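Should a chain be cited, it is by its letter among A, B, C and D, assigned in written order, with residues numbered from 1 in that chain.
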Amino acid sequence: MAVRAAVAGASGYAGGEVLRLLLGHPEVEIGAVTGHSSAGQRLGSLQPHLAPLAGRVVEATSAEALAGHDVVFLALPHGRSAAVAEQLGPDVLVVDCGADFRLRDAADWTAFYGSAHAGTWPYGLPELPGGRTALHGARRIAVPGCYPTAVSLALFPAYAAGIAEPEAVIVAASGTSGAGKALKPHLLGSEVMGSMSPYGVGGGHRHTPEMIQNLSAVAGERVGVSFTPTLAPMARGILATCSAKARPGVDAEAVRTAYEKALAEEPFVQLLPAGQWPSTAAVHGSNAAQIQVALDPAAHRIIAISAIDNLTKGTAGGAVQSMNIALGLPERTGLSAVGVAP
Amino acid sequence: MAVRAAVAGASGYAGGEVLRLLLGHPEVEIGAVTGHSSAGQRLGSLQPHLAPLAGRVVEATSAEALAGHDVVFLALPHGRSAAVAEQLGPDVLVVDCGADFRLRDAADWTAFYGSAHAGTWPYGLPELPGGRTALHGARRIAVPGCYPTAVSLALFPAYAAGIAEPEAVIVAASGTSGAGKALKPHLLGSEVMGSMSPYGVGGGHRHTPEMIQNLSAVAGERVGVSFTPTLAPMARGILATCSAKARPGVDAEAVRTAYEKALAEEPFVQLLPAGQWPSTAAVHGSNAAQIQVALDPAAHRIIAISAIDNLTKGTAGGAVQSMNIALGLPERTGLSAVGVAP
Amino acid sequence: MAVRAAVAGASGYAGGEVLRLLLGHPEVEIGAVTGHSSAGQRLGSLQPHLAPLAGRVVEATSAEALAGHDVVFLALPHGRSAAVAEQLGPDVLVVDCGADFRLRDAADWTAFYGSAHAGTWPYGLPELPGGRTALHGARRIAVPGCYPTAVSLALFPAYAAGIAEPEAVIVAASGTSGAGKALKPHLLGSEVMGSMSPYGVGGGHRHTPEMIQNLSAVAGERVGVSFTPTLAPMARGILATCSAKARPGVDAEAVRTAYEKALAEEPFVQLLPAGQWPSTAAVHGSNAAQIQVALDPAAHRIIAISAIDNLTKGTAGGAVQSMNIALGLPERTGLSAVGVAP
Amino acid sequence: MAVRAAVAGASGYAGGEVLRLLLGHPEVEIGAVTGHSSAGQRLGSLQPHLAPLAGRVVEATSAEALAGHDVVFLALPHGRSAAVAEQLGPDVLVVDCGADFRLRDAADWTAFYGSAHAGTWPYGLPELPGGRTALHGARRIAVPGCYPTAVSLALFPAYAAGIAEPEAVIVAASGTSGAGKALKPHLLGSEVMGSMSPYGVGGGHRHTPEMIQNLSAVAGERVGVSFTPTLAPMARGILATCSAKARPGVDAEAVRTAYEKALAEEPFVQLLPAGQWPSTAAVHGSNAAQIQVALDPAAHRIIAISAIDNLTKGTAGGAVQSMNIALGLPERTGLSAVGVAP
């Protein structure tokens, strides 16, 4: 019997990617697709790549439209998920692709988002220590941010093994789809093609406290994070270059061993062979994360680099992976670790 | 019992795309992967997106390596397929992604390829009139060229309905993967990014006789083709803008009707609703073709435009689709009509 | 004594490019920079590449702001230029980068733009036969559209020599800056990167009558045009692939001779040596046009291809070139024929 | 009387950019253009954007070909400059765009380049403290590497003011032209478009010791550098994200003051107003560097970001700027601080 899934926020990039993955998921039947300003429009005009759904008309997001589904994916602007989730019964699996329920610390939430904290849901990054356990049977899931996914996968092995000092410096490049479909001048094709530029510099990006939360939990102590995001001339992908001082005495072999141990069993995380480096192209459209790590002997820093597709592993793929775990389905169902390259 | 498939030419873009699709094909088990200059290398270093095959070592292409498979895909340079195919038994399905067996006219072959004609195999474009019949039970298949696929899908409905004059003008833009992985200066990223340029201007492109062959067969008379290919700053995709004078008296409704009739039942060809235009992004990584058509009332020309992914529907997807038909599998098996967008 | 120039519409791409060129023009001093919704903002925040003007504040476009200049460049939305120009004295050189005064036929104007015809000004394409004469001493100049510039330069030699039939088929690819800075979903970087798509198919693009006007004037008979524009994943550049049946008896040598004769003396139009093809990269940021032509012997069509930078030769460079002629300055002053490549 | 300049290595990206700038330099006349494997070819086929030089034939690089010039620019592979320079008289200004004479420490040279140290020439980064003085009247100039230019401009103000701890972490994204025109698979357009990837991770990039040399000289103590370069899907541009712990007690105002003081008089370095961030598009094709800086209060790190065009300010523009100083010409001659954007 198929799992019946609804997607709220179906006209955006996150919602579109959830639908793309669900179309290939053998256990899921797509029910309601809802939106706000897009309500009443044909999905085919909004998401022309989703051919099998082209004739669907977007409904207005409402409790009625979302009722009667086993799973509801929320791909809404920040601050909108709580009101929708409240109206859905406790047996419905609600998977929130937004930020509202990611942070445990209410003060962090208010400092970075400026509103009252809605609460904390089980966190949808199964690869973290204890991550899968937290998701078994869950009926509410907070999907991680795209940058925190990339950064946590790159650095948690180092902190789990205790080989890194608790101060990380992260510079990440993201494709423009990470900024959503909002009509902003700096996101125009004419502006982004051929250009790299930073934003949210100086610790202000809202994903920063989420990274700190994840890495600190693994390290067992507070890990400080300096995070600088940059916008790259590509539609998809995140390349996160993460580094931290190695603890005294840590050598290259210890680093390699820590990563092999942490990642050996992961179905979607690929620790690359020595000498090969991640690229966002290799994971395009897939739920895979490519990881490589090196020890800079002169600076005695661990450099860990991850490549993910921000819309897939960084959002919708992570959401479906967590849904699979919550529902007791095989974790890989409907998800591919093969990128669309070149 | 799984179909066992080998891929010769596994290190190139066409071979890599065949492997990508076969990894998602539920009835296929991937056997030998072979290459020429890449023999002995890990596939993971050559095709880093094909994670499940990363540990495979490329074998040298030989009769021995390719023996014992139900299907052998050839993704070889022009002129190399015949020698390999000869060594494979008549019961083995050989699917040639190269040009060697596409043309029926030996003189055309020699004029455009400069060598002796190897022969003609059943042509792997099921959407053409009679196309599927020719493939049922076939054990040799010539996969169409990427441009002829795009152009034939855009124009055959007009010629099948007899509404177009037999002179077509075609300008197509292709992503750089259509030119393969050869190390040529004009294919460097620094050269192609931010740049459009034509090539093979003046009727010299080798895909021209194949277009003429396809359209003439549908029209029942010789259709002349003026074809200009251009290189676009993207890795994948073909946008083919095709036009021909409308026959006297043909109006917009007749044009629309012709296309609806020809394409209504096609699983992978999407005739878009009026007002919506194809884009290569919408079919990225998928086996879909998007088609739209208009009648220019002032010039009395039919303008038919198609968008495909040159590596998928234009090469490897068409190959797998044809394989499915030849083997009696459902035609859509292992193939998606959903693009990876944005 | 410097020519004092104002630019109305300074926040858009056309206005920004006019300013970029004027900053390098040795005879021009930049006076007022005005805008509509951008009035009151620092130019540095709107056009961060125009460093020497970063501190300028955009004034509201008005007769007062534009008074007291020798030259006023108008880079305004269609339909806005007449009202501004009326308020400028007859001795002021007004260079309109918009469409309002390009067409001679009022019915064409109304059919394509839906409003009353404002009039016709001397046309700023000096390369056309008689083009320079029309600009000497002019005090009103209509700058050609970007596509008509590319197409007219590619085809006028054929029509001037009488070697082409009067029906042209044109497919052009444009960078996204040709669509301006308007915030439209299909112009987002996420949508355009990696994608080619057509628009205005079927004869509806507003530049069509302008092409017909130019080519017909050269040919001495009405030249029909089938024009299909496409949007390419690059910020700048137009590649126009133009073709027409060759007149009976015309051979490759006649074609080459016609182009050599028409273009030999042009400072900004480069007829490439045989075997070399235009690219938009080679003219990036320059006022150059690269042209190549071939005769397709099988289709007996002349294929003429041009590459320009839509913002430079296609808009602001053409405007400055025409200004130079009107003011009696050397035509090349402040303009480069050297592209910024790669 | 014009300065007569020769360019050795005219077929590559650096040589081509030197020629592009010299074509716009009012005091320079271009003499010999030489190459190695390109000798005998028309420059127009190698550098099609350099229209005025299209008819020039590349000569073989030799003492004879380079004799009789006032300035000789060397754009050669590493290790080739010394032999050529030796044959040029002491009165000839030799400007080496390669690495051979950049490093002062012979051991560093050998460790990173694997050969014997050729020597040290005056260093062509006038913005560094004392930088201009070292270039006055010089007849040998070592042009800095592109990354060291970007990084040194971003960080030297912090080290000059003594506000940063001597350990810098740098992640930079470069356009593909930084890797040159060499035919390597990972530089193909199909590979780089839509993809970000790192290289030279772990401290191995050859520009690392040059950064350490520059920053240490300014700081008056050894500054350690952790440097990770990444390849971005664009032809030109470097965005360098540089950070270091702020010294205790340093606040945002002190940071801003340090940068304003260091950069106020620089003709090509633009410290952006608060809230505006550099982009590589804004400096495309120009000799400008855009800089912005922030203090992350939580991490207490100074984040300094620079954007340059790797071929212009990062190579050829820096070379011409240094030539101007050495020859006593106004520093800005022939150089623009205006980018070609969008």
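Keep this in mind: a contact is a pair of C-beta atoms (placed from the backbone, for glycine too) under 8 Å apart; a residue touches a chain by one contact, two chains touch by 3 or more.
If you want to know which protein each chain is, UniProt gives these names: A, B, C, D = N-acetyl-gamma-glutamyl-phosphate reductase.
Only a predicted model underlies this, so the values are computations on that prediction, with no experimental measurement involved.
Of all chains, the one whose Cα centroid sits at the greatest distance from that of subunit D is B. Comparing chain pairs B-D and C-D, the larger number of C-beta contacts belongs to C-D. Looking across B-C, A-B or A-C, the interface that copies A-D in more than half of its residue contact pairs is found at B-C. The best fit of Cα atoms from subunit A onto subunit B calls for a rotation angle of 180°, in steps of 5. Here the spacing of subunit C and subunit D, counted between their Cα centres, is 35 Å. Note: centroid distance subunit B to subunit D, computed from Cα atoms, is 45 Å. For subunit B, the set of residues touching two or more other chains reads 13, 175, 177, 188, 190-191, 193-194, 233-236, 279, 281-282, 284, 342.
Residue ranges on subunit C touching subunit A, taken from their complex, read 13, 175-177, 179, 181, 183-185, 187-194, 233-235. Those residues of subunit D lying in contact with subunit C across their complex are 13, 16, 20, 23-24, 42, 44-45, 47-52, 54, 177, 193-194, 235-236, 270, 272-273, 276, 279, 281-286, 288, 290, 336-342.
Here subunit C touches subunit B in the complex through residues 167, 169, 171, 173, 175, 188, 190-191, 193-199, 201-203, 208, 224-226, 228, 230, 232-237, 239, 241, 243, 277-282, 284, 292, 294-299, 301, 303, 305, 307, 342, going by the rule given at the top.
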